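Each remark here refers to the structure printed beneath this line.
Chain lettering (A, B, C and D) follows the sequence in which the chains are written, and residue indices restart at 1 in each chain.
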């Protein structure tokens, strides 16, 4: 029997090891799997490489994971926020590494990682400092840079609905990186607002097929990052 | 002694309004953060325009009411938005396929510097202590068919932002099609930068003086 | 106003020119836009390069387009069918060119064409005759071949529902190549079983966003290829 | 004089049945056209297996009844199928991303030839007058984690199909993990081909005689 449900976020993140690469879904707070991130903070795995579009807000969620010293390197497109000094301080202190990647290149590298494509060419960043040191190549008189796939040991993502096979739907723009990160990780861990029975998600409307999902935990009322930040909450 | 108020150049709102005149009916448009966002409210009535936001929505609507607000429905600037009837959600891989694959007609962005060749610098001053952050800007300029720039003509200290070469790190090479500044509308062409329109009470010579490269005056009477 | 509806298949295909590359959706008959193909036969454009997984059945649809001498070259993965001699006869007579592409490579090349990726690397076909003449390259001790994107002037696809913006849904496995072909073509022409109002397709369940669609014609009761083949129908 | 019927080797059904024993609970499986399709019906009760068909369905069910039949719901062999509760449809790009990205656990395919190194030839005899047709075979062998082959041990004329090198054009290099023939079950290992099981009333020597390469006998009493 296939049943990917687990009973707690702690159980879901238990196998993350020091040095692992962890993709974390979300664009800002939309789609951020905050309970899974907090479970990872409790778990304590260190020296992680984290892939996310940003570097978190306030002192909860991803920002708290960084503040807790668990992240050795961030791969992201936009490590600045108006309301968090966690990343900048560690970055200036030379305590965290940054690989800055254009947002679309980041998405395509993750998608390539999940799709068995080790490298591809893109017009993005040609002639800019972010193309420095990368191979470039001309196809039909236009220059492109070669970009490599990104894979991860784990992906932590947030879904709207899930069934026991791991089929997922998302809510509006909270979908963002989740479907491609689910593909690119060896183990995909999902927190879902709602568990549903097999067949409740119309096969036409499944966004992430269960084959890309390993463990699911139901978190019916997830914390809202922006609310926590407003309240000045610090995790843990 | 009587005082008279004379408008010199365009305000931020007017720059957005001027740019909006060039958004054709049926266009697929991505608006950058800041003044570009304001373009949507000035698109002339009767034109149907579909807004793309790169975090995964085609058919972005206006700001939500308090009841409509959903923190899972935001734009690329992470502000709450709405979705129109006929909208579609998709993931980042598909969203940037849409951008990179040249499916979006127009992107309106801000600028730190624009060069004579249409190079754009708008993501970093290159300062050694700055946290570099690029977001989707490089993807947008590399992939969208037409790039419009809305920018103050000069920096706050009066330095030219339109230059022979950008001194800041580039966002993209030869990507800009048209610049809407507070002083003029300027096209990037193979012959050079062509001034096609002046803001109220602004002369060509004045614009030229504020610009780091020679402009071609398309308004000159032959 | 955005209204991509047209009143006939003839109007939809009118701008296809001699020498164009035309992608045609469908895997066998599932998803085959048969009325659009028949309109293209009536239209008469010649010397076409056609991209489809197969080469048609019987003497209708794609097989009829080939039999009518309009196709100079097929790009496909499986040009054999139990019930059609149209392609084999022309192929043996040297009257049609074939570019044979593994099915997944065909899909990925089309997807790349739509996604602005000019080339990518894949493990598929390494060490086989289909890798002959292609660049190969080793990443992390595994060998890959470089494959180029495919784009088209036109795509002809079949959908279940469409709205006037061009948002599409599909029926079951008839989805197959349609979403990626819609992305890879300059002009995407759609025949849909049903036109619906804006908003009737939930934005969460749109499969092909309207930005990838140019013209839509409603064909409520499309011909069924297998039925025509059984009846021995010959088009035109 | 009495006659006795002795079974020699496995029938097609039995080869499928034997292979089915190795499909673990929870596997994602793609079954090729022909004998491999039969594997599904022999997977031991109590195991839940999800079938992928590369034309765009995960969760393929059994053959449809006349009422269930929908020409838009077919498998990779273009036969009508059904979808189970918990199925998902997707397009070809995503379907082959699933294959190429090593997400599918097991693929069962037929073979024309298999080499000692696990090379597979199953798409073309290389005959100059044949219409070449490959379908998804090369993608499957390049991407699926484990490749099982079900095949008659020899050709209809008695020639070996398990050879030092394939003479037909390859589908993939070093891709086969295990062969289920009518005579034996054989693993492809770094040491060579290892016979791990014999069909009823078949001897190792008999299998060796029908095989083009030396087999290692894992059943041999030390």
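Just so we're on the same page, a contact is a pair of C-beta atoms (placed from the backbone, for glycine too) under 8 Å apart; a residue touches a chain by one contact, two chains touch by 3 or more.
Small disclaimer: the values here were computed from a predicted structure and weren't measured.
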*Hop across touching chains from chain B and tell me the fewest hops that reach chain C.*
1
*Smallest count of steps, each to a touching chain, taking chain A to chain C*: 1
*By the contact definition above, name the pair with the higher C-beta contact count: A-B or A-D.*
A-B
_Using Cα averages as centroids, what's the distance between chain C and chain D in whole Å?_
30
*In whole angstrom, what separates the CA-based centres of chain A and chain D?*
37
*Approximately how many whole Å separate the CA-defined centres of chain B and chain D?*
57
_Multi-chain contact residues (two or more partners), chain A_ = 108, 111, 115-117, 122-123, 170, 172, 203-204, 207
_For chain D, give me the residues that contact two or more of the other chains._
57, 83, 89-90, 96-97, 99-100, 142-143
*Please list, in label order, each pair of chains that touches.*
A-B, A-C, A-D, B-C, C-D
*asked:* If we count contacts the way the header does, which residues on chain A are in touch with chain C in the complex?
replied: 108, 112, 115-123, 137, 139-140, 142, 144, 148, 169-170, 172, 202-205, 207
*Under the touch definition given earlier, write down the residues of chain B that touch chain C in their complex.*
25-26, 28, 46, 48, 50, 52, 57-59, 83-90, 96-104, 142-143
*Which residues, counting only chain A, touch chain D once they are in their complex?*
1-2, 111, 113-117, 163-165, 167, 183, 197-199, 201, 203-204, 206, 209-212
*Contact set on chain C toward chain D in their complex*: 27-31, 53, 77-80, 87-88, 91-92, 98, 100-108, 110-111, 122-130, 170-180, 207, 224, 226
*asked:* Under the stated contact criterion, what part of chain B meets chain A in this complex?
replied: 53-57, 70-74, 78, 83, 89-93, 95-97, 99-100, 119, 124, 129, 131-139, 142-143, 169-173
